[in-house]
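Here come two complexes built around chain A, the first alongside chain B, the second alongside chain C.
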Partner chain A sequence: MSEAAQHSATLGPAAAASASRGMRPAMISKVAGWLLVLALLVAWEASARLGLVKSQSWPPFTGVLRAVWDGMLTGELLGVLLSTMLRMLKGFLIGSAIGVVLGLLIATVPLLRRFLSIVIEAVRPLPIPAIVPPLILFLGIDDGLKVTVVALAVTFPVLINTIGGVDNIDGTLLQTARTFRKTRLETMTSIILPSALPTILAGMRISLGLAFVTTIVAEMIAGSAGVGYFIMVTQYGMRPDQMYAAVICLAALGYGLNWAFVSIERRLVGWDQRQDD
Partner chain B sequence: MTGQLNPAEAPIIEVLNLSHAFTARGHTVPVFQDISMSIRRGEFLSVLGPSGCGKSTLLQIIAGLLPSMSGRVLFEGQQVTGPPPEMVYLFQQYNKSLLPWRSVLGNVSFAMEGKTWTRSQRAERGMEYLRIVGLDDFADHYPWQLSGGMQQRVAIARALAAEPKVLLMDEPFSAVDALTRLELQTLVLKIWAQSGLTVVLVTHDVDEAVFMADRVAMLSRRPAVMDRIVETGLPRPRDAVVTRETPRFLELRHQLLDTLLHRDPVGADA
Partner chain C sequence: MRKLGRAWPSLVTCLVIVAIWQVASDREVVNPALLPPPSRVFPLLWEMIASGAVLAPLAHTLGYLAAGYALGCAVGISLGVLMGVNHHVFNIFEPLVELIRPIPKPALIPPLFLFLGIGTTTKLTVIALATFFPVLLNTIQGVRGVEPVAVNTARTLGHSTIATIVKVVLPGALPLILVGMRVALGLALILVILAEMLVDAKGLGYQIIDLQRSFGITEMFAWIMILAVIGVLLNAAFEWFERLAVPWRAK
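Here is the complex of A and B:
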């Protein structure tokens, strides 16, 4: 037991010390980063107000902020954002589920791997926006199309990472499952899935960004609703402040989504020491 | 305890004419040939041999983790074709054998899942096994928060939780410091004495093999054959210090080390 006490005693202070040492430079660069953002916004405001950029489609930043505010109050912008989010999340969840399930199957069934790997390698490099127009022929321009396109874009990174995650599982863990006589299903849920989870989530994080971009692009190409469509409409309708309002909201949304995902990821795979750096 | 064992009783494990070879870069390299031995119910058997002679391979075949190429293993009279119930293998790399996303208690529970225990029964019994290895205060810790010796104790508690009749240990103490190693040896002997387990311990450490075992089975260099099986005849309970000073211990140690070091290595130039 003395061995144990000694161990935990050395662990605490060492960890605390390294944390406080890492703190300062990180804080400084963070503050500097925000200052840069602020400076750019001031430059934007000044360029429009002082007439440095003479264009009807270059509203000042404060004007755009007002458009955001109004858009939220009237519900027009808010509704558009929500519908885009919903579409994106649907596609993201469906694509992720397909990617994980298919990935687990391919990684654990050798026959399936040989059979499907050629198809996957052939389809994977396709730029997703390129398949939107042909897909419209089959699915029209409704939600079905956009969700499908997003799901397709999401599937591949998740699929590839799931396969990689399973391939990298240490053989000793699988042998451990065998000596404790776990069934295939038990091994899948209690060993394979948790082992591969950090890699799967990393794939999903990449896919989340892709889903976001793909949703907007699909809405622009096959416009009927959503922020993508809204941006096109406000552009044609010469309502630049509303257009920029949508763009700014998208930036904030993208940031928020990534932040939310990373927090969930930390919570789920905090045990994985590779995450610590 | 050794005295009460009846060698005439049916052995719990029989190893019959096992041979094994690995194929690497087109060459077939024999690892060991024609290994036979009977393992008595309740005994503590050490398998001793130089590094690379195939001890892990042999133990994995006994455990049903690796198919035998030639020869058979019988467990309680039944031929072993896969991991049998009531036989647990303790891996040489214990740090890779623990589930890093599970707490210490969660790791011990792993051995009991899929059986009839309820969740709370598993937790309760898990704590009992952790108490046996002296880790009940660390139930909520994660494996990476523990020292190597403590991790190995978690692996031992987990193996016990499966309620095996046979424990197969592959160099369980080779990765811990010398003092921890002595403590773990004593712990395992205590568990063995109280549980009625049959233990097969693989090691390349002569001192450890003799100190722990009722019998030592010694393999030669690769391609290995069974060199001899000796009864240690050392009294129990064993003491980490005193037992190692007895004439019998020194005699065995001398004999086995001498053989390991000085016998003409068969095919060692391969």
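Here is the complex of A and C:
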């Protein structure tokens, strides 16, 4: 859980804090930071234009931007990105649903926990690329495979966080529910689920990043469609401007996904104090 | 021993899974050509271990994993400490870090491949990059979270900046640094296997994908099991290391 919070933390708020210490020098170093980015981009552009890097695979930065623009206009890149997002979303939703349901079961049924916990710990560290080749044998290389791989990758963090969330519920709440003779189902929906929700959502946030990466990994290994495949094909086909264009779009998407999920999360569990930990 | 006592129900589950797998394969509920029964996978696995055939790919993978991971951690912690301690350094590097960080690291394998060629350097770079970011972010947070009183005390007692960093800041930030390193270890393992599948001709990842393509399915499953064991062992080793490094932060 704390892994989740730490890993996805951004650098933003702390920067504001440090700015108040010394206003002017801070402004200067901030500008310097952006100048550094600009300088690197200029160096990229110049090295390609002036032929300092003599390579087929080193297009100028403006050429890459052009490839982004063209890819969006012709719809080639846009279509590829959309198909990846769609697969990712399917896998994410299926995996999250399985993770939450299985997590709630394991957390509330002691027998299940005893028989499953170490099995889960044993399967979890298996790196995701390794499960793609065997699954190809059964599912082929189409969407079914990729959605399954993503769902599998997503399930575990959600599962672990769901169990953690339920375990951390204040015992008094559960005793109160029992005192009021709530049924198991009522306790589940009115106490356990809402109390565990912040932790579950934190798990889903890591899983969203994982789903994104996993979709691309699966598309790279079992290529038939999507951005992962597109990057591989443009690399082999020596179309580096399009390859870099796809990588830039992926960065933007990754950024956007995290931002979108954080906004949704804030809306759903804005009441939760632990958020600020 | 107590751990073993808690483990037995899970062992039962494992045995049940293996039994179902065996029966399903024997009765051809699943195609045994695609999912060979444990009675064929386990002997082969044993043979591979006994003959030492596992050693070369295993050493290849673990060697690159260790090198890339160590590199990523070293750079991540160093820059993280600098960025955490000095806000100018932070301001200078923040935009660059924030621009590169969201790129899914697997997508960097093909571009790196174009520059660094097949195999080793590409693999090392991508593992180090994947390791770098979680370690960097957690180190910055960890350094920022160090008790200011402790830092001021060290200064009052006449410690130099470097001594303060080594004696006060680093130990204080260590728990969070380790959190980042743990996340990074999982990522590094994913990247090493993926890179071997895509741009290398050696190692566990290559074995698995090559055997799938040449239809050496039984052997492929044996390699996957080895990889699963490696994953569990790495996790266990990290936990042991974490307990050793920050004993005061018992879970």
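What we mean here is this: the second predicted complex is superposed on the first by the 234 of 277 C-alpha atoms of A that agree within 3 Å, B and C clash if a C-alpha of one lies under 4 Å from a C-alpha of the other, contacts with A are read in each partner's own complex, and residues count from 1 in each chain.
Rule of thumb we're sticking to: contacts are C-beta pairs under 8 Å (C-beta built on N, C-alpha and C of every residue); 3 or more make two chains touch, one makes a residue touch a chain.
Keep in mind the model is a prediction, meaning the values are calculated, not measured.
Put chain B and chain C next to each other and count what each touches on chain A; the higher total goes to C.
Once chain A of one complex is fitted onto chain A of the other, the partner contacts of A:79 are absent, as it touches neither chain B nor chain C. When the two complexes are overlaid on their common chain A, residue A:223 makes contact with neither chain B nor chain C. After overlaying the two complexes on the shared chain, residue contacts for A:63 are found with neither chain B nor chain C. In the superposition on chain A, A:191 makes contact with chain B only, not with chain C. When the two complexes are overlaid on their common chain A, residue A:128 makes contact with chain C while staying clear of chain B. Of the two partner chains placed around the shared chain by superposition, chain C is the only one that A:240 touches, whereas chain B remains out of contact. In the overlay built on the shared chain, the residue A:119 is in contact with chain C alone; chain B does not reach it.
When both complexes are overlaid on chain A, the residue A:164 reaches neither chain B nor chain C. In the three-chain superposition model, chain A touches both chain B and chain C at residues 3, 7, 11. Against chain A, the residues of chain C that register as touching in their complex are 6-7, 9-14, 17, 34-35, 87-100, 102-111, 113-115, 134, 137-138, 140-141, 144, 176, 179-180, 182-183, 186, 189-190, 192-194, 197-198, 204-205, 208-209, 211-212, 217, 220-221, 224, 227-228, 231-232, 234-235. Interface residues of chain A, counted against chain C in their complex, comprise 2-3, 6-7, 9-11, 14-15, 18-19, 21-22, 25-26, 29-30, 32-34, 36-37, 40, 55, 57, 114-119, 121-131, 133-134, 136-138, 212-213, 216-217, 220-221, 227-228, 231-232, 234-235, 240, 243-244, 246-247, 250-252, 254-255, 258. Within the complex, the chain A residues that touch chain B are 1, 3-4, 7-8, 11, 170, 172-173, 175-176, 178-183, 186, 190-191, 194, 197, 269, 271-273.
Per the touch definition, chain B reaches chain A in the complex via residues 63, 65, 82-83, 85, 87-89, 91, 93, 96-97, 99-101, 110-111, 113-114, 134-135, 137-138, 142, 144-147, 149-150, 162, 180.
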